[in-house]
Each structure stands twice: as structure tokens, then as C-alpha cells.
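Two complexes, one shared chain (subunit A), two partners (subunit B, subunit C).
On to the complex of A and B.
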């Protein structure tokens, strides 16, 4: 999809070329903005960045081992 | 003294039973009736035997009034009478212990369900505020790109949002039911439909019969309070791993504490949006918007589609969380009410049994006394 666009018109944005989706891009920007805050708002905002879930893909009706995305805030 | 009583009762038991004297006080329940009768004739026979064996009446009266020996009579009688009962251990009254245990456990359950209701109510207040604020995220998207569930595409992905914890009424079952019927609706020749399940409860129900159509399952979403970052990472994972023409998100929309409406939100992939807007289909007026910046329409559409999915998913997760809390509140409320009713009924049974056993004892004493003096 990205390559088709690049072939037809102006350059693809750098993040799209790097394989990020718009969502990832906006998350990175958001955490940068949160990092610019002063205390105490900074720690309040840090609580809004916590990510935790366990995702498991299924193949042929069987779940594979779930991977837990419980990393620190998205960066 | 207790041992002689035991031996005596053993002899009595082998004899054929004397038909019971029907003069009785008020006895309502079956249980107390039968056991009270049997207790009574045993005691009468035992007291009669004291007379036959020629014991001095004074010692009889003494034995009758002595708490310990009276207890031994009663102990033995209940041994023979309630064969399968807890009273084997020498409990004094006829099976009020069983009812009392029941009452204690029902009361505990009532306390627990009341506490769960309070907890759900307090959590609901906070989540409801955030949900109402998040509704503004997807409304512009619907105004721009439309929400057309009737679009006909080849690859459908059904994202069902359910809860991880139980005891929340029927909301998970309704979501799963709608997912299954949507699956039937969107399946056909050359079409492919897959499930992505959020939440433990949905996974458990789907695994039973639709194992092969599940693409991904995601659990433990509610461990931290729901925030946009988490949902967007989740949306990113889903987008990267499934191929789709249309994503259909199924969740319970929160209207009020007692009403949750199952809702389907449809998000189309950029190619389908393109197709629909060109052919003068459902999204005809997309072209009337000007696009600023150096991006093409396809580029903009792709960004928009991703962002739309993320926003709609965020709102859906919040609404479902609200509905779950509301459903849990009403479920726990009705179960506390049921527990209260059950407790009332058990209290009545308990009082009746207790009064019946007291009446029985009184009758024994009185009839024994009258047998002596009469």
C-alpha cells in the first residue's frame, strides 16, 4: 500500500516508510508532548500511558502462547 | 448413667413400636413432625421402662429433672431417629443446625453481593464520565466517513468486546449472540469472516463452536484503567495482523444504568472507502472536501481509517466497561434481594423447628410426669 502511493505521487511520510502506522506515529508524538509537561502534571499524564494486555493469535482453532504487552508506556 | 440409658434404649428399639399418641401441639413442617413423633414415643417408652423395671419414682423424677440425664435420653433418641444427620454428634435440637448453617452462609453471600454492588457503583461513576467525553472522538468520523453496516465486502473481521470478569448479568451472552448472527449474515461464497475477541468471557463462549474462525484473542485489558494509549496499541496490533475490508466492532452501548444496547460499528478499509465514494455509493460526498498538505487522497484515507478504528475502539471499550459495571450492579442487587428473601424463609423454618422441638420436650416431660402421678 505504501509503495503504491510512493510510486504515484509525492514522497511517503517518513514514518510510513519506516513501517509505522498513523496510530503508532500519533502515540509517539503524544508521549513526546507528555514528556514536555512539568511536575506534577507529568506524573499524572504518565498514568495515562500505561499499556497492558495479553494477546494470542489463533491458528487452526488453537491458540498460541499469549504474548503479554505489558511494557512501559509506549515509546 | 448415660450408658445404662443407652443400653435401655437399645432394648427398646428392638421391640415393635407403639403407635404414637396423636395428642400434639401445633406442628407445621414435615421434618419436625416426623422426628418429633419418633422422639416422643421413644421417650415415652423409655420412661415407661423405668417404671417397669421397678425403679423408685423419686429417682425417676430426679433423673427426669436432671439436665444431664435428660440430655442423654434426647441424645440417644436423636441418634436412632436422624440416621444420616449431623445430630450424630450429640446436638441437642432436631436439625436446627442444618438450617442455621444455611442461614449463616446465605447471610454471608448477601453481604458479599451488597459489597460488590457498592464497588461497581463507585467505579461506574468514574468510567461514565470518561465514556461520555470519549463520544466526541468518533462523531466527526461518522459525519465524514459514515457508518454503513450494510456495506458488502469480501473480508469481514468481527471484533467482539466482552468482559474478563463474570457476575455481570447477560451482556456478554448478548454480544456473543450478535457476533454469531453477524457471522452468519456476512458469510457467503467467496467471503471470509473472522473473529477478534477481546475479553475472557467472549473467548470462552466462542471457543465452543467457532474455534476455527477466531483470528486473535486479547485478554487482561482491564488490568489498568482504560486509557487511549493502551487501546491504540491494541488497535495497531489488530490492524497489523488481520486483513480486512470491513471491521465490525460489537459492544454494549451504555444508555443508562439499567439499559445497555448492543451496537455494531463498522469501519471500512481505505480501499473500500475509496470504492464507495467513487461509485456514488454511500460515501458520495467525500470528494467535496479539500485536502491540504502534500498528501494524496489515498494517503489521507489510510491515516483516517487507522485513526478512526483506534477512536471507535476506544469508545467501544469504555462503553462496554460502563455497561459491564451497570449490569454487575443490577445483577448483584437482585441477588442480594433474593438472598434476603431466602433468609426470611429459612428464618421461618428455623423458628418452627425450634419451637417444635421445645414443644416435644415439654410434652415428654408432662406425659412422663402424668404417667407417674396418674
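On to the complex of A and C.
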């Protein structure tokens, strides 16, 4: 990832130019590969994509009611 | 500014090793034998003679393994995924990694390199046997002492890929690419096309 001497004229990958971060790019690639697998492996891989987390916003030093986000790959 | 970087780095390295510190030595250059801070240990023993002095993070760090003076005959490979370790400390003859700059062959004695990987085939060659994996993306760290650490988010043996799904995905994303409007949609469609063509090439190549 060399940059030219004259400051920030480095060639960026197309996904970064479109505003995507490396992590998003990497996760998209991985989920596309998971979607192209043969059957028993595909369902095992689908379990790896599940996300489950709870977010709570804080106001005035106290947490408000948490929102639970539970994603499955189909979104 | 960046043109001076190699000169400054060399100055810092020489200073660290030579003892006369022109610049600070890298924090990752842990000395070969872990050292204890004797002044701290003395003070601790005066205050709490029956307790063991606490260990500092530096004493837990393993010293950097020395670079062998002659090139080893085998390459040690560690290939890990987030959910399991595919290859751990295996001695092989060569690995070919799909770097963004092209397929890169790594032999024992390879120069220390960090390579970003693109979706593609990773092959591990040991004698006559070749094991191939399709890697979605990741990094390969090759160290000066002929140890290669490869990390990937998702990697599957090539025989687990379904060709019909690959063709379908390629057709879908090529179509999405031509009909995409915003930059983000174009980028996602392009990623789809890239990944599926790499999968296709891996199946046929």
C-alpha cells in the first residue's frame, strides 16, 4: 500500500472510495462465500453469521431501556 | 515526509541494538531474556515481604524468536479462522497465498512480509500433497524466521463449494452491477462479482 510522495494521492480500493470500511468489505466477502457452499456446510455456516446484542443509550447518567438486536443472515 | 521514513527507522533500530539510543527502540523488540525491574522488586519486598511481587505485562511477553542464521528447510504454517484453527504449526515446503498483488508463493527463507489477501485460492504444498482452500479475505504475515501466519475470516476446502450457486451468484451480481445507481450499490455489486468470479476460477482452475 505505497503512497506517492506528494501527500494523499494514494490509490484507494474501490470499496473504500465508496465509503465502505475494510471490516464491512471483509464481512461481505465472507457471507458471499458462505452462501455458495454445499448443503450441510451451508447451514453450519449460517449459524456463524448470527448476531445477538443489546444496546442501551444513556441519558442523565442512567441507562434507558435496552434495545435487543438479534440478526439472522437473511436480515 | 515519507521519503525520510526508512532513514529514520534505520537510525532507531541501530540505536536500540547498539546500546547508544539515538531513537527509542521498538516496543516489540523484547530482549531475549525477560528482565525484572530490580528496584521495584526491592521496594516491594520491604513493604510486603510475604507476598510475591506482581508480574508486569513485559514478563509475560515471550521474547521475539531469533532469526536463524541459515535458511530453514521447511516453512512453519499457522492458518486460523475466527472459529477454528485450520493448520497449526505444520511444517510444509511452500504455501501460495492469494495476495491483492497476485498469487504469492512463500518458501522457507522468504523475506518478512505482510500481505492483504483477496478472495482466492490458498494452497499448501508438502512434498507431493497439495491442500487447497478458498479464502474469502484476510492477511498473511510472513516472519523472518520462516513462520507464516495466515488469518482469514472464512476459508473452505474447494470441494465444499457448490458450482451452481456460484454461477447463479455471478449472474445476479453482474446484473446488479449494470443496474446499480449509488456508489455504495456499485461497490457491493462489484464485490459480489469479484468474489463469485474468484470462486468460479477456483472451481475450474
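FYI, the second predicted complex is superposed on the first by the 58 of 75 C-alpha atoms of A that agree within 3 Å, B and C clash if a C-alpha of one lies under 4 Å from a C-alpha of the other, contacts with A are read in each partner's own complex, and residues count from 1 in each chain.
The working rule: a contact is a pair of C-beta atoms (placed from the backbone, for glycine too) under 8 Å apart; a residue touches a chain by one contact, two chains touch by 3 or more.
From a predicted model like this one, the values you see are computed outputs, not experimental measurements.
Chemist: A:32 in the overlay: touching subunit B, subunit C, both, or neither? Say first, second, both or neither.
Modeler: Once the two structures are laid over each other on A, A:32 reaches subunit C alone.
Chemist: So in the superposed three-chain picture, is A:12 touching just subunit B, just subunit C, both, or none of them (first/second/both/neither)?
Modeler: Only subunit B is touched by A:12; subunit C is not.
Chemist: On subunit A, which partner touches more residues: subunit B or subunit C?
Modeler: Touching more residues of subunit A than the other partner does is B.
Chemist: In the superposed arrangement, which partner chain does A:54 touch: subunit B (first), subunit C (second), both, or neither?
Modeler: A:54 contacts subunit B only, not subunit C.
Chemist: Check the residue A:66 against both partner chains and state whether it touches subunit B (first), subunit C (second), both, or neither.
Modeler: first
Chemist: Both subunit B and subunit C touch subunit A; at which residues?
Modeler: Of subunit A, residues 1, 5, 26-27, 30, 48 contact subunit B in one complex and subunit C in the other.
Chemist: Over in the complex, which subunit B residues touch subunit A? Could you list them?
Modeler: These residues of subunit B touch subunit A: 211-212, 214-221, 223-225, 227-230, 232-237, 239-241, 270, 294-296, 298-299, 302-303, 306-307, 309-310.
Chemist: Please name which positions on subunit A make contact with subunit C in the complex.
Modeler: 1, 3, 5, 14-15, 17-20, 25-30, 32-39, 41-42, 45, 48
Chemist: Where on subunit C is subunit A touching in the complex?
Modeler: 2-3, 83, 116, 119, 134, 136-138, 153-154, 156, 160-162, 165-166, 169, 183-184, 186-188, 190-192, 195-196, 199
Chemist: Under the stated contact criterion, what part of subunit A meets subunit B in this complex?
Modeler: So the residues of subunit A touching subunit B come out as 1, 4-5, 8-10, 12-13, 16, 21-24, 26-27, 30-31, 47-58, 60-63, 66, 68-69, 73-74.
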